[in-house]
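Just below sit the structures, each encoded as structure tokens.
Look for chain A in each of the two complexes below; its partner is chain B in the first and chain C in the second.
Let's look at the complex of A and B:
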């Protein structure tokens, strides 16, 4: 399979009076054609910043990024090329759509900016993509405020897909939707992927949603990937204490017992993060070694983990702890 | 158990428009956690605000009764309600940052309640405030008292909001999506704290949420709302393991489980979306989204029928016990 996206040690550091804020701190990943990579982590872990670097809204300060094997450049032509390859949908569809434009104009705009087609052919293309996402000619004449939240998210998806991109970055795309509508949009994304051969970078804080939709999952903590692998390997065979904590934190029947372990404290500041392993300040397994060297992502069993004691934790899990 | 809060046939309307909440009845006993569940726009937050007497503008209780410890409170004047709020009932909100005053230290915001309601002096109130911060497990409470909300994390801020709500030891706590704005690991901390406080202080807890997992973990009973009224009610495990209303079953089936890439089924959708109050269909309000709708559903609005177990459902054709969700 060919990679739609490759990043190599991608970094985005901000200068602050208190030191460098490492929002994205050396992320290397690939997304293949037709593949969904799920990205989970809590707020402030850098997942949205990574998405913005990939789409080109923010400029990385280090590392490499390739889209369809090409490093994106800076000129207008290069930016347009990138926009035709990579598009993004956002969490809040109300905030992402211009309230003063009709749905038809919202979906047409990317074609106009890219200078694609005649007026008539654009109209046709917009109607076609609208039908694909479950909107009709009736909806095209409406204003965003006349639509429900689920319909607005369909408009965002249509606008993103009208340029025929290969990669769609979905940043908390279903988080603001009610469960019943969330199911509609997740099914739509799966159908579109099958029909159009799309790749997704699917970002969410909701582990159950990410597990459902992803082929592979990357878990992020303080700007770094701490666990990466096939969805079921990461879910069922989770080795990093942070991934384990995320799964344990999902509210359900099992969480009723008050002796179930839960993570204490909050995510530390990405300015001056802890030395060594960034997770050690909240980790139940932390030892002296964790403060000294930072664990790199390495293959342990079925997938990659960034933890010094992954083998030991894996053995404990296997022994039924 | 004696009912601490009883809502009977509540109707909430805005001006002369179609009612937003109607025929709503529920009760919360001391020491009990009731999960009130529904999608946005179903009226669950308005129900909570009506109990607190906080309906604003031209929203108001049009009919029905709200009883707190047996006394009707739906038509009390604001002066008396202000006394009940804080003293007998407290509320915590979704977004702790907007629930707190950004220009006052958290200490002032906690002691304010104690000084106003309990007439405590400055020093006494401060001592009690430290106790309260300790109760909600904020480390180093003496120092934290002088901090401002922006200096705290989201989880710490929500703990402060809980401390304020509990300052005068109310018997009823209403929590409206208390963990929705928080990260999952912090949500787990706050849910555990709420459950401990509820048990230790013997509170009646009305927990409003859209998340069935949260209800499953924390609540004893569940009340499912759709388009302004209760469609199903009962013990949490009974309702979630054996949903009898097609809407409840639909909500459960719409949650992703497993991995699609590894063969998990497509998600079960509930087609369409929640109607606005003026557009609610005649008869059963759920019928235009319901797969089992029949002509009777349009003709007549179903009543909430209660089984001897307490499991109640508002449907002409409830799903059989044990049928797959």
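Let's look at the complex of A and C:
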């Protein structure tokens, strides 16, 4: 399988008066063709910043980024090239559409900017993609405020897909929708993936949604990945205390483990992160060693975890069952 | 869109009154040459004829025997022209400065906003007087002098709106598809902040008319054109004996400025989608 996206130790540090803010702090991951990688974490952990680096609206300050094996550059031609490979859909379906343009115009814009096709062929392409996402010619003439939240999100998806990208970054794409509509949009995304061979980077704070849609899951904490593996491995065999806490935070979850920690306090400041393991300030298993060295991602059992005591915690979980 | 806006304006009470008054002033400026072919400067009758004293001069004559009705008709041309063109120049400069500062941020924003601040710290009217005093009084320089003190207000207004809008996802999305910055600013962002700009524009025109009249009143008007300020200036010397010479152009000014303010109020209501039901 060929990788659509590869990042290697990707970093984005903002300069602040109190020191560097490590929004993204060394993220290495790959997304294969046709694969969905789910990215979970609390707000402020750097998920969206990572997404913005991948689509090119923020520039990483360190590390490598390759899209379809090419390192994207800054020039206009490179920007357009990148746009044809990676697109993004956003959380708030009303803010993501220009309120003064018709739906047709909104979906046509990417083609126009890229200079693809004639006026007539663009019209055709727009109608075709609109049908694929479940909109009709009727919707194309409407203004965004005349549509429902779910329909607006479909417009966003159509706009993102009209350039035939290989990778779609979905930043909390269903979080603002009603639960019933959420399911529709998720299923639409799954259908489109099958039909078009798309890859997704699916970002959400909702572990249950991510589990449903993802092939693999990456759990992010304070700019770093703390657990990474196949969706069911991470879900069922979760080893990092942070992942356990996230699952435990889901109300009414049958899979919940009895002694798993409930998260307390806030995410520490990414300007001055704790020494050693960044999670140790909220971790029930924290010991002296955690403050000394930072755990790197390593293979433990079925998948990768960044915790010094992953084996021990795994044994405890196994004993508990 | 413009047509429906106009219709909604007509349905708004203060919009209707404002538009009617403005139409009256506009009609005056359009018919001036046809009704008074001799121009505003000819001595048409005896000097200092009070309004009504001579049926040929319903508003009287000034100290040189010039018909005040003709003066007011011709003056409306200058007032409207200076008002609209000064506001136009201020809008163009203010929108460009504000949009560029708000969109790009950083040092661009800092530089442009310090320049804007510099203009705003100088009392507006004094600056206009100084400019006209230095480069001389003509319609062009007066328009320039009014515009140069008016644009900072527009720039600040536009900047604030662009700052808000540039964080919207639809702007981010345009960046992702590779749209150029200029196109994002002018095609995507600015159409979304037209409402406050349009409302301010009407007030800007009114303000420009007042400033032009004030300059002329102080003797800094273009000596070659008859504006309402020119009549005010003539009337100033006769204030004790013939106050009507001052009162006539003053009423014209009040009516015009009021009509523009009424239109501004109405536009504010009409363009505010949340108040749409109220009208």
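The rule is simple: the second predicted complex is superposed on the first by the 311 of 321 C-alpha atoms of A that agree within 3 Å, B and C clash if a C-alpha of one lies under 4 Å from a C-alpha of the other, contacts with A are read in each partner's own complex, and residues count from 1 in each chain.
Quick note on the criterion: a residue touches a chain if its C-beta (ideal position, glycine included) is under 8 Å from a C-beta of that chain, and two chains touch if they have at least 3 such contacts.
Not measured: the values here are computed from a predicted model.
Putting chain B and chain C on the same copy of chain A, do they fit or clash?
Here chain B and chain C can both sit on chain A without a clash.
Return first, second, both or neither, reflecting whether A:215 touches chain B, chain C, both chains, or no partner chain.
first
More residues of chain A in touch with chain C or with chain B?
Comparing touch counts on chain A for chain B and chain C gives B.
Once chain A of both complexes is superposed, is A:53 in touch with chain B (first), chain C (second), both, or neither?
neither
If you stack the two complexes on chain A, which partner ends up touching A:180: first (chain B), second (chain C), both, or neither?
Only chain B; A:180 stays clear of chain C.
Classify the contacts of A:79 with the two partner chains as first (chain B alone), second (chain C alone), both, or neither.
second
Per the contact definition in the header, classify A:263: touching chain B only (first), chain C only (second), both, or neither.
First partner only, chain B.
After lining up the shared chain so the two structures overlap, which partner does A:207 touch, if you call chain B first and chain C second: first, second, both or neither?
It touches chain B, and chain C stays clear.
By how many Å are the closest C-alpha atoms of chain B and chain C apart after the superposition?
In this superposition, no C-alpha atom of chain B lies closer than 11 Å to one of chain C.
Which chain A residues contact chain B in one complex and chain C in the other?
Comparing the two interfaces on chain A, one with chain B and one with chain C, no residues are shared.
Which residues of chain B touch chain A in the complex?
Touching chain A from chain B are residues 39-40, 153-156, 183-189, 191-192, 195-196, 210-214, 216-218, 237, 250-251, 254-262, 264, 266-271, 273-274.
Please give the residue numbers of chain A that touch chain C in the complex, ascending.
Counting only chain A, the residues touching chain C are 52, 55-57, 76, 79-80, 82-83, 86-88, 90-92, 95-100, 109-110, 113-114, 156, 159, 163.
Inside the complex, what are the residues of chain A that reach chain B?
Contact set of chain A toward chain B: 36, 42-43, 148-151, 178-184, 186-187, 190, 205, 207-209, 211-215, 231-232, 235, 245-246, 248-253, 255-256, 258, 262-264, 266-267.
Residues of chain C touching chain A in their complex?
The contact residues of chain C facing chain A are 168-170, 172-180, 183, 188, 191-192.
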